[in-house]
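One chain, subunit A, appears in both complexes that follow, with subunit B as partner in the first and subunit C in the second.
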Partner chain A sequence: MNKITSYYRLKDNRLTELYRSLEISYPKFFKMDRLCKAGFLASEMVFRSLGEDPQSPKHDTALVFMNSSSSLDNDMDYQTTILPGNYYPSPALFVYTLANIVTGEVAIRNKIFGETSFYISSEFSAKELIITAEGAFDGKGIRRVLCGWTEYFKDACDVLVMMVEKDAAEGLDFTEKNINQIY
Partner chain B sequence: MEELILELKKQIIEALNLEEITPDDIDTNAPLFVEGLGLDSIDALELIVLMEKNYGIKLTDPGKSKEIFKSVATMAEYIQANRTK
Partner chain C sequence: MIRLLGDCIVSPLGFSSRENFNAVKSGQSSIREEDGAVSRIDRSLLSRCFNSTGAISGDYTPLEQAMIYAAFHAVKQSGIDASSPRTIFIISTTKGNVELLGEPGHPYGPRRIYLWHTARLVSDFFNNPNKPFVVSNACISGSCAQITAKRLMERRLYDYAVVVGGDMLSEFIVSGFQSFQSLSPVRCRPFDAGRKGLNLGEAGAAMVYGRHEENDHAPGLYLTAGAIRNDANHISGPSRTGEGLYLALEEVLEQTGRDSLAFINAHGTATLYNDQMEAVSLSRSGLLAIPVNSLKAYLGHTLGAAGVVESILSLMALNEGIVLPSLGYETHGVTEKINVITQCMPTTGNRFVKMLSGFGGCNAVLLFEKKV
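== the complex of A and B ==
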């Protein structure tokens, strides 16, 4: 049975305040959209609780995130830069108009070399999370999967990031019941 | 010119979300890319948009970009000579 060896639930939208309180030095954070910031911070907390250095390469780790609003929160910001009569498309906003950018940001920060993927679903589903995360274990050499629900839309932050490990001695069983309990 | 340089530094900080940097931290003559502020290619595009939006300057010759965006000082000089607003 795969086990959740660490998790972080983030519902507070004061992302910059959390970043500062963690005393992280990663200037790229400020350029990220809110979805990336939320996924980044929750992942940071998971790796911290595991005592892992973000800079140590992680060849045995895959990454699977899901949400329901995709990158709509940032897409709406971008839309304000392409209005008729005020058409100055922002490249910095445009690069975040894809939901899977959050997986890239987290993978770069934490040197995750396993496969990364992002799925859009109508609502949070522990069952779907299990199916997608367990599929990621099929990757060569993958022993653990950083996975979760990374939803951010209109100031509502709804994030749960978990580290799920194969054959871990300790942790919560990676079951629907346990996921729903920590969500 | 000093006023334009300060205004430009503030606009760069805002446009590029350089939240931990103040205008005083930006060396007017230091390289904007790689060294200095360490800006990347997306930042370069954002600076092109900034020039058009705030000063009405449309860069049509990509070959000139390297010289124009060398530092805040070179940007300010170009803006002063070519601004339409």
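== the complex of A and C ==
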């Protein structure tokens, strides 16, 4: 049975405050859209609780996130930059109009070379989180999967990020019941 | 390992896999330089063809029409029961109906912007009782959706999977790629020294896969292996060392061996950095002698459909024992001596590799096989 060895639940949308409380220096944070900031911070908390060095390359780790609104929060911001008479599209904003960029940001920060995947679901589903995360264990040498629900839309932050490990001695069993309990 | 049972491509080159394959084989391209060097599906032709499914085109957006049409014909060809609880739909799209953001008065209702809603409309069309999976992993989505199909069926959760990929072009998408200065004003030239960037293209495509029993040696076309790896380097630029793609290639080839590879179907977007990165990865993996092609100059970069469209066309080539030529390549334009094919050539190989890379630093490699 795979085990949840650490998790972080983030519902507070004061993301900059949380970032400052971490006392890290990662200027890229301020370029991110809100979805990425939320996913980044929750992942940061998980790695921190495991006592991991973000700089050490991780070939044994995969990353699978899921949400409902994709990158719609940022898409709506981008849409206002392509209106007739007010046309100034920027690559810095456009790049965040993809849901999976949050997996890229977390992979860069933590040097994760395993799979990164992003799925969309109409609502939070522990069952789908389990199915998709367990699929990522198929990757060669993958021993753990950072997975979870990373939803951010219109100031509503709804994030649960979990580290799920194979052959862990301690932790919560990676079951629907346990996931629903910590969500 | 999962087995291909049916497929369909909807693009400006045709409304079936066969039409698309024949067009590509004869060197046709759907990229219209006079129309901004993009490849677009004629909307009125699409809605006329869509009526053959028995549904009403006015109820669906162009993207949904293309996806449902492709799935309808792929399912028909496969003969499977798409309404069975043992069949799962897996939808691949990067942006779904994002164009609706720019059309505040659109008639489709507010939920239509959500990717899961588009997916549900597709599976509902077939009265499928399962909640569809939706993969949105940038430009590698179409390959990820096939890997998802493989994982679900190898775990015996389902017996059949209908993988449907699609994206349509809108101001939203085109303006963004323009802002990145990654669009070529002329037909793209993958791996060529004079390449100026990519062309965007529209497509919907579907593949029906069936679960495979280990002792079954039935002839046919199979997805044998797949791997996804991240560069952990940059959110919009490919890694200079091609790290993620190299790792994915190694993972797949370690499982399956390097023998009898007929060709490598590259991503080959014709941006400076993508093509160079792919060449570096192929070199690091010791694959310089294997024929390489890119299909982007025929149909453009079809985003969430690319992995599905290009897998189907390459499978048809494998099945016929040929390697499709890479259109637009004249002068070698990457540092590594990859073997870009410019003339249709016969092959005796029975396997090929499909590569894709995307924003977010993700890379996917698939390995397909023909069993006779």
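Quick note on the criterion: the second predicted complex is superposed on the first by the 183 of 183 C-alpha atoms of A that agree within 3 Å, B and C clash if a C-alpha of one lies under 4 Å from a C-alpha of the other, contacts with A are read in each partner's own complex, and residues count from 1 in each chain.
The criterion applied here is as follows: a residue touches a chain if its C-beta (ideal position, glycine included) is under 8 Å from a C-beta of that chain, and two chains touch if they have at least 3 such contacts.
This one's a predicted model, so the numbers in the text were calculated from it and none came from an experiment.
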When the two structures are overlaid on chain A, which partner does A:Gln79 contact: first (subunit B), second (subunit C), both, or neither?
second
When both complexes are superposed, which of subunit B and subunit C contacts more residues belonging to subunit A?
C
Looking at the overlay, does A:Ser90 come into contact with subunit B only (first), subunit C only (second), both, or neither?
both
Applying the touch criterion given at the start, work out whether A:Pro27 contacts subunit B, subunit C, both or neither, answering first, second, both or neither.
first
With the two structures laid over each other on chain A, which partner does A:Pro54 touch: subunit B (first), subunit C (second), both, or neither?
neither
Once the two structures are superposed, pull the subunit A residues common to the subunit B and subunit C interfaces.
89-91, 95
Show which residues of subunit A lie in contact with subunit B when the two form their complex.
16, 27, 30-31, 88-92, 95
Once bound in the complex, which stretches of subunit A touch subunit C?
57, 59, 63, 68-70, 72, 75-76, 78-79, 82, 87, 89-91, 94-95, 97-101, 103-105, 107-108, 110-122, 125, 128, 131-132, 134-135, 138-140
So in the complex, which bits of subunit C are touching subunit A?
94-96, 98, 101-102, 113-117, 119-120, 131, 133-138, 144, 147-148, 151-152, 155, 157, 171-172, 175-180, 227-236, 243-244, 247, 251, 254-255, 358-362
Please name which positions on subunit B make contact with subunit A in the complex.
15-20, 42-43, 45-46, 49, 52-53
